[in-house]
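Residue numbering begins at 1 within each chain, and the chains themselves are lettered A, B, C, D, E and F in the order written.
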Amino acid sequence: MESLTNRAQSVDRSPMTFAEKIYIPALMKGLSITLSHIFKKKATINYPEETRPFSPVFRGLHVLNRDEEGREKCTACGLCALACPAEAITMEAAERLPGEEHLYREEKYAAKYEINMLRCIFCGYCEEACPKDAIYLSETVMPANYQRDYFVYKKQDMLLTDEQVKQKRLKLQQKG
Amino acid sequence: MSLHDIIFWILSLWAIVCAIFVVISRNPVNSVLFLIATFFAISGHYILMNAQFLAIVNIIVYAGAIMVLFLFVIMLMNLNTDTEPQKSRLVHFAALISAGSLLLVVLSAFRKAELTQIPVTDAGDIGLIKVLGKTLFDHYVLPFELSSVLFLAAMVGAMVIGRKEVVEEKSTK
Amino acid sequence: MPIQSYLFLSFSLFAIGVMGVLMRRNAIVIFMCIELMLNAVNLLLVAFSKVHGDPGAQVFVFFIMVVAAAEVAVGLAIIVMMFRKVNSVDINILNRLKN
Amino acid sequence: MSLILLLVIPLITGLASFAFRKAQAVKAWALFGSLLTLVVAALSLCGIKEQTHTISYTWLPTLGASFALQGSVTALLMTLLTAIVFPLTLLAQWNKDIEQPHRFYGLMLLAQAGLMGVFLAHDLLLFYFFWELALIPVYFLAGQWGDKDRIKSSFKFFVYTFLGSLLMLGGLIYLYLQTPNGNFDYDTILATGAALPMAVQNTLFVLFFIAFGIKMPIFPLHSWQAGAYEQTLTPVTIVLSALMVKMGLFGVIKWLYPVFPSGTEQFGNIIMILALIGIIYGSMLAIVQKDIKRLIAYSSLAHVGLMIMGIFADTHNASVGVVAQMFNHGITITGLWLVVDMIERRYGTRNMNELGGLAGAAPQMTIALVVITFSSIALPLTNGFVGEFLLFLGIFESTNPNHIIYMAIAGLGIILGAIYMLNMVQKVAYGNKKEMAIADMSMNERLSIYLILAVIIILGVYPNLLLQLL
Amino acid sequence: MKPLIATAVFAILMMFAALTVKEKKSFTHFAAILMLGLVGLNVWELADYNRLLASAQASPDLFGKMLRVDNYALWFNVLMSSCSFFYILLVGRSIEKVGVHVGEYYALHFFILCGVFLLSTYNNLLILFLGIEILSIPQYILSGSDKRNLKSSEASLKYFLMGAFSTGILLMGIVLLYGAMGTFDIHGFNFYATGTLNIMGVVGVLFMLVALGFKVSAAPMHFWTPDVYDGSPTPFTAFMATIVKVSVFFAFMRLFMEGFANLDPYWKVTVLGTITVLTLLIGNITAVYQQSVKRMLAYSSIAQAGFMMFVVIGSNAMAMKGMIIYAVAYTLATVGIFGVLLKLKDYTYDGFNGLAKKHPFLALIASICLMSLAGIPLTAGFFAKWFVIAAALEQPGTFWLVIFALVMAAVSLYYYFKVIMAMYFKTGEPELITPVTTMDKVVMAIIGSAVIVFGIAPDMLLAWI
Amino acid sequence: MSIDTFLILEKIILVVIIIAASMGVAAYSTWAERKVAAVMQDRIGPLRAGPFGLLQPLADGGKLFFKEEIVPDNSTKWLFMLAPAMFIFTSLMTSAIIPWGPDFVINGSEGARTVALQVADINIGILYVFGVVSIGVYGIMLGGWASNNKFSLLSAIRAASQAISYELALGLSLIALLMLTGTLSLRTIVEQQHGFWDGNYFTWNFFKQPLGFIIFLVCSFAELNRAPFDMPESESELNMGYHLEYSSMKLGMFLFAEYINMFISSAVLATLFFGGYNFPWMDQVQAAVPSGIFSLICVGVLMAKVVGFILFFMFVRWTLPRFRFDQLLNLGWTKLIPLALFNMLVTGAVILFFFNKK
């Protein structure tokens, strides 16, 4: 049968020649390879001190966005949950009560918004599905933890803090 | 009593006690270890008699090679459990008596011998490797060659005994 | 030390070896006791070589060691062969041969 | 040269016999060989006056042994006896079928060679050699052919005799080592033996005598005898009783009596007593036997006892008598065995109580039986008388203090002999008639038996023929 | 020392042959050729020595007095190698059946012969010791070489343990002798150097006696012998019981004759005599009760050792002659009887029943050999016994010993002739497992006639000494 | 018997220094091993503990000390305890006969005194090494056996058989060298390699015995149970080797002893084949500096060589894959031993035909 890919190679089982049996050339070759590696650039990055730059398309932890006034954008429409292939997102909607306008942009908001990060595959479909730009994937990696419960991220785990909003606003201004 | 004497008595006591333990240890591994300890004591005696070469060869050959083989075999056979059924008390007693009487008879015979008071000196250079080498290759060259024949025979023998007879088993089946 | 002390010492070791050979049933331990006997002989030979001022005796010790090594090679092979067959190194099994 | 021929002819013919395959051929060949021997033996005996028959060749220089033969009168007489007995036996047994005949006749002839050697050897080692050599073929003959208990009894015989000869070997080697320059020569042996201290002589005497005594056999050493005689085939029995017995006697005469004079002096009396016991004991046992062969076996013990007494009586008459009686006994007992064999083959039994009426059925055989029996109990005019008379005379003349008593007891033996022999004849030949038609002696048997009868009568009537030689 | 080197070289050649040769039969042929070569070399060595002797250039001492050769020893070597040659011709077919390592078995035989040559010419206790070891170690292996048979392994282990134990005792003896004498040279021993008897030397002698007694299976150090001889593969038993044993006796005799010459002869007779009596008694009496011929031969070899002890007791010129003749007579006869035994399927006495009728030739050879063992005149065994007894009788105080030995020889008739009786006087259907080839017949005929010829003219064996 | 107290004091100090140095070198070998492995794998290696991770060995040691002691229930207790002690003891013993530097002279109040930088100059020095090495096996075997664990036992037996097998080739390869030197004393051997260039030939034994050196080197790999011959520890089959059941500092001792062994065998290699403390132009240097300083320089040179060898050991370890056990024994018995014999023969022939002084 012809091989489908050209990766499979038959093992060479022909008896070794004397030069091969002597083993010394092969040994020298091996030593020279390792020797050359001594002088190669080290691949190690001293992590906490140094970090590797993320790629532009990197998809990290979810962030629930706020608008310029600091109001939650999410309207609990459920499209993200629908789009999620891993079914990681659950939410509960609630009606905005009077006096809460400074908190929620629309009349309806997500009273409870959870993403199970153990299920999430960071595909970014939720981001694409959201009509309100309420959710997007940041460039942070998920921190480790000892308990599974922790990985079910609540709304407050994902919402931008005031500080972050401020910074974001600053950034936008600088860009803009 | 000089230091030399003290060392002699210590080494002797060591050797004899360890030797006794070789015999009475239930576990063969312990026997091996005590035997090695005995060999060390004997090597100590060699050094005391200024026979350094033999002392070290004794260690290399007996402790380093022979006893390792013993240990090997014992370990592979897994004889560590005290499974060895003991001979009856009578046999123990008889062995003790016979060995003891051998010792007594011979030693009492030697009490009369004149030679027994000659001191063993630690001086002299006959234990040095140079002297031994000269003697070995000069006067004892024939035995030296013969020992190679002996080894050859032992090697062939160990091979004959050790190898499994694959061909034969097949043919008998 | 007078040679008598060495005679006493090596004969004690020799006798202990003999006792072991007579007393034990484990073939390997018997063999070890034989090695002990050989060592007693070696010790006495060295002592005598000092008495007589003769390096030949020490060379003799050398040969005894050689022979002991060869014997061990063969002997352990035999013991192992036996063990493979009867799963024991008890020499009392050998008495079955008589019948 | 004739001495060597005496040895070589049976040896060669014997070895050659093994090559034959046909029974008749091998019988003929064996008969031819034995007759040839007889001729040579007779000739050499005739020529004895002219020359001393001694030859000697180097054999084992390192040991000082030589191949020395001497044809003394006694020796030649014995060889003649051997040479006579063999053809007579073969002749008488011509019709008998034997398994593996080539082997049987070959061994017979080899036995003859050995016997010849024993009688002729003049060198102690050579003597010992032939002594054993005569034994081996006889052992095989006795073990392979015969009755069902033969293996046991022949082995008993063999072990007895071999033990004896081994003891002799010990004495022999000791004696050899005492000779001045390591020599087995007869004269040297004589000189050495006589010069030995008395204690040593006594020991050696005992060792040698046990060997000879077993062969004869003398009283306490006789227990192999009856069984061996009984179980073997008649030719073998003849060899055993007529010839091998003479080996022992001859050994005493040539190799014991002169070699250890001190020993003889010491033990002569004891041996005479033993012989006496043998005579009485043998006779007593013979009386109660039912089996003819056993009866003759025990009678032989008695006869031999008398001859032993003659040897140790140490008088001229006795020594002449011994030799004469050795010859005569050989002839007589051969005839006796042959006749018994004929009877047994015809009736199928040897039990006297079951036999009877032979006189009516086979008169010739009966005559032969009676004449031979007379010879055996030493009636005058038979050859047996001459020897026994001389023996008694010799014993009477002996310096032994008890010679009268000894003679009286030995005479008692004669009387007892007459009782059991005549009883046997009476029962077999006359007794209660047994209704069974049997053939009388055939041609070959007749030839053989008549020759024996002739010798018995001639030597009985004209004993000088024999005695002049001695 | 051509033969000595040749043994080692031949052994190595056999081992190389084991690597290349596949056909088992060719091993035997090769070994026979090499053995013949060894015989030739021995003869050459002897002739050479005599040539040098004639021109007064011969020096008996070789390798700094390690070895001492003389006509006697060289002649013994010739005889032993010749016996080995016949042995290989006779039992080679059976050796092939023992196991798969045929080449190695023959190599081990050559090693053993190396030991034999050493034991015949040693002049130094070291060489004696090495010789005995070179002789023994291959024997341990040969006796265990039949791996399918548990008895063989057991024999090997038993032999090995006993052998190693006796080595220890031998060494203690050597050391004490050395301590007393200050030399290993057996010609340098003097037990009365200080005027009185040297106790330590005597104790050494006793130790050596016990150890050598082990090796030659003299009672009471004999107990391993029957089991080992019985358990070992039969062809190797034949070799061990004959050539090896005889050679150790040769060494034994040399030790007492040359080394311990000035020991009190009374002492020698008392101690050695006791051993001899025991050996004869135990060997003969127990042999009587055996059911298997092989086992009987094992016991008989103990009994024969009792007779060979006489040469040690004698230790004189007569003993030297006796040694040679006994060696040849005993070896040939035993090899011959083993040659016959190997052909048979059943090793019990009943296995021999009726052999004379079915295979008269085998029966004849067996009878000759057995008679020689029993010491019946006209066979070599007679003169063998003759000489050793004469040798012993030359020592004072041995007369009753000899008489006892002779009585025991009569006992030995029982078990030897039991075989003969079975062959000739009984009927049966003996089964052969190996066919008797022409080669076998020729070799057996040679052995049989040699036994008889040496029985008539033993001088032939003594011509060279 | 008069005992020179000063001599004893001097020796005790030397012993303490050597043991301390051995320990130190062994400790930093672990660090070096990590570093070497790292750089060969394009990594950096330990870095955090101290500058360049130099305190890492101390941290490791501390960790081992405070780990829980576990003694298996079914083990043979006293042997289980004895084995690591024996192992480390034997590995430390060898250092006694290595000449660490030339003698130097101390000028005290009682006059000049020569101090030898060697614990014992015994005339059978190399044999002593063999003796100690040969009993080093016991630590492993007993450790493996006493654990009462099949994996430990198997790996112990592997280790022991490997050690015994390669000891032969090791010894044989040295015999050729000893033929040249004519002595077994390591001090004399070092002195024979004085300097580097004699005017006619190189003095270092490496140039006289290249083949012997290679065999010796390969054998020391096997003796040290280091890759590519680290059979006993082949993780894929035997987990961790003979010290599988060990924990805490007993494990630490095993690991430590292995590095000490490496250090000592590097020192032996340097001494036997690479001139010990000798270096080119040492005569000129000696003339230029005081005796004490010169000795220190020499010790430094030896240490440099030792470090070089240690680095080489590591270099090889991180290059070559592990042999299979049968390949290993095959190499030892059928390649190295014949090669060593051949080397011996050639050396003997050369000596006989070209340098026969008679």
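Assume a contact is a pair of C-beta atoms (placed from the backbone, for glycine too) under 8 Å apart; a residue touches a chain by one contact, two chains touch by 3 or more.
Because the structure is predicted, anything quoted here is derived from the model rather than measured.
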Problem set entry | Steps needed, at minimum, to go from chain B to chain D via contacts | 2
For this session: Would you mind checking the shortest number of contact hops between chain A and chain B?
Result: 2
Seminar exercise, completed: Components of the contact graph without chain F come out as A | B, C, D, E
For this session: Have a look and report which chain pair racks up the highest count of C-beta pairs in contact.
Result: B-C
Exercise. Which one of the chains is farthest from chain C, going by Cα centres?
Worked result: A
Exercise. In whole angstrom, how far does the Cα centroid of chain C sit from the Cα centroid of chain F?
Worked result: 34
For this session: Report, in whole Å, the distance between the mean C-alpha point of chain A and the mean C-alpha point of chain C.
Result: 75
Seminar exercise, completed: When centres are defined as mean Cα positions, the distance from chain A to chain F in whole Å is 51
Seminar exercise, completed: Each of the following residues of chain B touches two or more other chains, namely 4, 53, 57, 65, 76, 106, 110, 115, 139-140, 143, 147, 150, 153-154, 157-158, 161
For this session: Could you check chain A for residues that touch two or more other chains and list them?
Result: none
For this session: Report the complete set of touching chain pairs.
Result: A-F, B-C, B-E, B-F, C-E, D-E
Seminar exercise, completed: Listed in rising order, chain A residues that touch chain F in their complex are 27, 30-31, 33-35, 37-38, 40-44, 46
Problem set entry | Residues of chain B touching chain F in the complex | 2-4, 29, 33, 36, 52-53, 56-57, 59-60, 63-65, 68, 71-72, 75-76, 80, 128-129
Problem set entry | Footprint of chain A on chain F - complex, ascending | 38-44, 47, 315-316, 318-320
Exercise. For chain E, which residues are in contact with chain D within the complex?
Worked result: 321, 371, 376-378, 382, 385-386, 389-390, 393-394, 399, 402-403, 406-407, 409-410, 413-414, 417, 421, 424-426, 457-459, 462
Problem set entry | Of chain C, residues touching chain E in the complex | 3, 14, 17, 21, 27, 30-31, 34, 37-38, 40-41, 44-45, 48, 51-52, 54, 56-57, 60, 63-64, 67, 70-71, 74-75, 78-79, 81-82, 85-86, 91, 93-94, 96-98
